[in-house]
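What follows is a set of structures to go through.
The following pair of complexes shares a single chain, chain A, combined with chain B in the former and chain C in the latter.
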Partner chain A sequence: MYLVVVGLLAIYPAIYHLLTQSPLGEVAVTVLPRMETMVAVLYFSLFAMSFDFISGYTGYLSFGHAAFYGTGAYTVLLIANGKVPLLGPETPFLVALVVGAVLATVLAVVIGLVSFRLTGVYFAMITLGFAQVLYVFVRDWDYVGSNPRDGIALSGARGFELGVPYVDQLTVALGTLTGDTLALAGHTLGTTTVSFYAVGVVVLLCFAAMQRILHSPFGRVMVAIRENEERAEAIGYDTFRYKLGAFAISGFFGGVAGGLLAGFKRSVTPESGFYFLTSGDALLASIIGGFGTLAGPLWGHLFDETVREFLSKRGQGGGLLPYLEQTLSEEFLTTELVGGLTVEGFITAALNGHASLYVGIVFVLFVLYVPDGIVGTVRSRLGGRVARRLPERLWGER
Partner chain B sequence: MLRTRGLTKRFGGITAVDGVDFDLGSELCSLIGPNGAGKTTFFDLLTGALEPTDGRIEFRHDGEWVDMTATPPAEIASLGVHRSYQITNVFPTSTVLENVRVAVQAHSDHAATFWRTSDAYEADLTAARDILERVGLSERAEDLAQNLSHGAGRQLEVAIALAGDPDVLLLDEPNAGVSSESVDDIVGLIEDVARDHAVLLVEHNMDIVMEVSDRVVVLNQGSVIADGEPSDVRADPSVQEAYLGGYQTGDLAEDGGEPGDPSGGVA
Partner chain C sequence: MTLALELAQQALLQAGFVDGLAEFARPGTFAEVVLRGLSKAAIYVMIAAGLTLIFGLLGVLNFAHGALTMIGAYLGGLVMVLTVAQGTGPWARLALFFVAMAVVFGLLSALGGSIEVRLIRPLYDRPPIYQILLTFGVTLVLEELARIVVGFYGLQPLAEWQAALGTIPAFLETSQSLGPVSVRGLALFEIFLGALTVAAIWGFLTRTRYGLFIRAGSEDSEMAEALGIDVRRVFTVVFALGAGVAGVAGTLLMWDPVWGASVPLAAESLLPAFVVVIIGGLGTFRGTVVGGLIVGLVDATTTWWFQNVAVTWTWLPEVAIFMILVVALIVRPQGIYGVEEVGGH
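On to the complex of A and B.
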């Protein structure tokens, strides 16, 4: 089943390309997310997964998770700008990525040592507090650049290359402007598509690693802590250490996600890195996708981004608004509804720049009516893990 | 196996456990006493859930007395003291098998392994299945713990405590709320586990206490007021006073827990 999902994501660029060139192109552009968005969906999903890893599986809501994302992103960019001692600007991206992730792990241990003395809403609040302190700090940290409030960008017109260090054949450059194109079997893959695959491979590896951990004895203890921490302790687990370990792992993957963000965007701001709304987006993705299902945040964030782009303004990936303006007749658009309001005016007022509003409504509906999220609900409908049950449903019990 | 010396716990002005000297051998010992006598607090002290205000708890480990006063619960469990809870306290959305398996895993040396799947440790699964067999839940292994009936939940409660391979098993009212038809199952289970574990049992049903115990300890207002063979304890006037103080002597004789008396005497 995971293979199917990975396969679908792998052929997404082809599907997107074909559909947008086809007679249905207008509709496809409207409904499907752009490739740029898909890359962002991938690395942000990894961040949301790392959030779900700790919050959904041990039950401790890590509301300051953005701190790890930001740490990963800032580390990669600071190394690339030659501002980190011992690691020059020539450091391979993958090494910088790992360094950032390790720093995020250390940060997680430090935050965890203090925070895991608390539970429930107090734990959420203290992690949030740590992240906000870091946010305020990086906002005024002159060292990163002349204008720390605008964050940090890669100096020069360079880009990052992702791949196995020192093996050129397995290395591609990332980014929309600076990325590589690849010729493959007679087709040329665009820069964004190449980045999509490169980032996708890293995300997939991280997902597999987290999945592995969750099914290990260690992961089972995490679930036991979520289910009943008192009993987990009574049967002989030092839960503090397990929680701290899980938090560290979660911080590591959060750092990797941040590094990928930096690698693709070549810049990061305090808002996109450390701000609490970034943690909020991860929470949103986890709730919509399914809390405590590692794959859920991917679907949740994909859903979130698709809706956002569908309802976004002109020139941001083709949404409903330009589609309606193009498709509906001039006559209909200028028809007056009430009090001098034309249809066009109404559509603009209703749609322009209000994506977040509608996503918010969807979020409320999900919390109320689909508390298990997309993946969680599908799972309970099928009566077990999707991977195991769907084939049985389709082809009968074997 | 286990002994306490002057064990005391105060909550503010209330003394819940008051200078208890207690020794547990390898027998099945029942701890009884009226509601609020401090039985559950005593259990919480023994398992480290609460820290004593005063006194010591010692555990006989590898032939030596080890002080385990104010030791965290996880460490006490790994020494070999395990408990079940008065109110079913399991992992509700895990399967019955997983509930027991994760408890078996707790005292293995691979509990913190994160690079192999837990299914690779077949010994854990086998041990968990054996325990389910023993408590009579093997048919329900794949059900979620939250979907068990109350009685089956009580069996699972004991199964999880057993999974830690305890030397001392503390059972806090394994029969609480169990219907009269299922009581026999649980009593059978208690007698079965008492054969190879030291058991300290808290129980309110006097029929069961008199039937299964080798020894009965009575706690009242935090202090031990009687300690001995079941028949001696039943005849002890101070025990009858503690339970039924204020009633007439005629009622005491009747309510003291005649075998077969369905009310069992005390609540």
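On to the complex of A and C.
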């Protein structure tokens, strides 16, 4: 099953390319997310997965998870700008990525040591408190750059290169402007597409690692803590250690996700890194996709981003608004509804860039009526994991 | 050379610190800082009061509280902007402010009540995390709606609403001197209003029949139900009340240039409200008042130090609030007046 999903994602660039060229192009551009968005979906999904790893599996809502994302992103950029002692600006991206992730892990252990003395609502609040302290701190720390409130960007017109360090053939540059193009079997892959694959490989590796941990005895204990912590303790597990370990692992992957954000965007702001609404977005992705299913956040965030892009009217990205403006007649658009409000005015006011409204409504509906999320519901409908059930459905029991 | 320079700088900083301490300890300065702290505390208590009422009875940590405050600020501002003309006298403005408060209280209570009945009621038998999630979603929706409406009328959603700030009476805007201390009239008004709110809620909880129901419900809702109290209706009333108080706090914030009516007000007011409520102990009203006082005074002190002494950390005042939270949770996880059981798993 995972192979199918990975395969689908892998051929997405080709599909996108084909459909936008086809007679249906107009519609395809409108409905499908752009390639840049898909890269963002990949690395943010990894962050949402790391959030789900701790929150969905142990039941401890880590509301300050953005701290790890921000740490990863800031570390990578600071190293590249030569602001970190011992690590010069020539440090390979992959090394910086790992350093950022390790720092995030250390941070997770520190926060965890304090926070896991608490449970429930208090745990969510204290992690939020830590993240906000870091957010305010980073926002006003002028060491990171001349204007810390606007975040930091990579100095110079360089880009990051992802791959095996010191081996040129196994390295590709990331980014829409600075990335590599790749000629393969007569086709040239664009910079974004190459970044998509490169980021995708890292995300896939991290996903596999987390999946492996969750299916190990360690992961079973995590679920046991979620279901009944006292019982897990009574059986003899030192739950504090397990929680701390899980939090550290989750912080590590959160840091990797942040590093990938920095690698692709070449810049980060305090808002996109540390602010509590970033954790909120991860929460959104996890709930819509399926809380406590590792693959869920990917689908949840894909949905989130698709709706957001669909309802914004940015550039060539397509979206509903330019599409409506092109297809609907001038007459209809200028029809008055009530008191001087034209159809066009209404569409602009209600749709333009206001995707949060609709995503929020969908989120509320999911919490109320689909608490297991997309993946969780599909699983319970099929009576098991999709990977196991689908073949049985198709070819009968064996 | 550079070393000498650094040493000199350090000496200067230390001298600044000692001077600052001496200045801070002067009675006039100290009283001024305390007054400012009290006015901040009044605001913190007002934005946190509704939150703690709701948590105490329903056990729901209302993430939409900040959004309700923000809507209250806009609605209050709307009433003021529509009614106040250029020539309206200061006392008439003050009277209109109380009218605006009453209107906002009514409207937001209705909104809060319907949110409880429609959205939160189905979730009581689920784990408490789901109520956080739901109210978080409600926040997203309310904020975006506000953004749409505000943007539609040509206002900048991110900036403070200047027209609403302009409706403040002149004598609140200027400095008033109280003996050796000079302080803005608005600060005194905030202290007055905060005390009034605390007294009103306190009286409602301890002196009325409904307050008795609420206290009984917080203690043991099953037992209260067995005694014939319609606990579900009490839940709805308390949620409506909490939302109304949030709106009243918002109406006050609309006049304060530090806050002002803007869409980001939702998050800006929510986070300190959380801190106050948790320091005091989730769900205890007394704890919230004390927590608000602590946070307000610490905030005013750190702000003074930042403004008057060469403290190089610009982030100090903002971080201070959360540092109190972290320290308080380590020392006393259940809050000052909190009970161990509440808010746990």
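Keep in mind that, in the parts below, the second predicted complex is superposed on the first by the 396 of 398 C-alpha atoms of A that agree within 3 Å, B and C clash if a C-alpha of one lies under 4 Å from a C-alpha of the other, contacts with A are read in each partner's own complex, and residues count from 1 in each chain.
Convention: a contact is a pair of C-beta atoms (placed from the backbone, for glycine too) under 8 Å apart; a residue touches a chain by one contact, two chains touch by 3 or more.
All of these numbers come straight from a predicted model, not from anything done at the bench.
A.B. asks: Kindly classify A:129 by the partners it touches after superposition: chain B alone (first), chain C alone (second), both, or neither?
C.D. replies: second
A.B. asks: Touch test for A:235: chain B only (first), chain C only (second), both, or neither?
C.D. replies: In the superposition, A:235 touches chain B alone.
A.B. asks: Which touches a greater number of chain A residues, chain B or chain C?
C.D. replies: C
A.B. asks: Going by the contact rule set out at the top, does A:224 touch chain B (first), chain C (second), both, or neither?
C.D. replies: first
A.B. asks: Touch test for A:216: chain B only (first), chain C only (second), both, or neither?
C.D. replies: First partner only.
A.B. asks: Scan A:82 for contacts with chain B and chain C and give back first, second, both or neither.
C.D. replies: Neither partner.
A.B. asks: When the two structures are overlaid on chain A, which partner does A:61 contact: first (chain B), second (chain C), both, or neither?
C.D. replies: Second partner only, chain C.
A.B. asks: Show me the chain A residues, by the header's touch rule, that chain B contacts in one structure and chain C contacts in the other.
C.D. replies: In chain A, nothing is touched by chain B and also by chain C.
A.B. asks: Chain A touches which residues of chain C in the complex?
C.D. replies: Going through chain C, the ones touching chain A are 61, 119, 122-123, 126-130, 132-134, 136-141, 143-145, 147-148, 151-152, 267, 271, 274-275, 278, 282, 313-315, 318-319, 322-323, 325-326, 329-330, 333-334, 343-345.
A.B. asks: Please give the residue numbers of chain A that touch chain B in the complex, ascending.
C.D. replies: That would be residues 212-213, 215-221, 223-224, 227-228, 230-239, 241-242, 245, 249 of chain A.
A.B. asks: Please name which positions on chain A make contact with chain C in the complex.
C.D. replies: Counting only chain A, the residues touching chain C are 59, 61, 114, 117-122, 124-126, 128-130, 132-133, 136-137, 139-141, 229, 276-277, 280, 283-284, 287, 349-350, 354, 356-357, 359-361, 363-364, 367-368, 371.
A.B. asks: For chain B, which residues are in contact with chain A within the complex?
C.D. replies: Those in contact with chain A are residues 47, 49, 72-75, 77-78, 82-83, 85, 89-94, 98, 101-103, 105-108, 110-119, 121, 160, 163-164.
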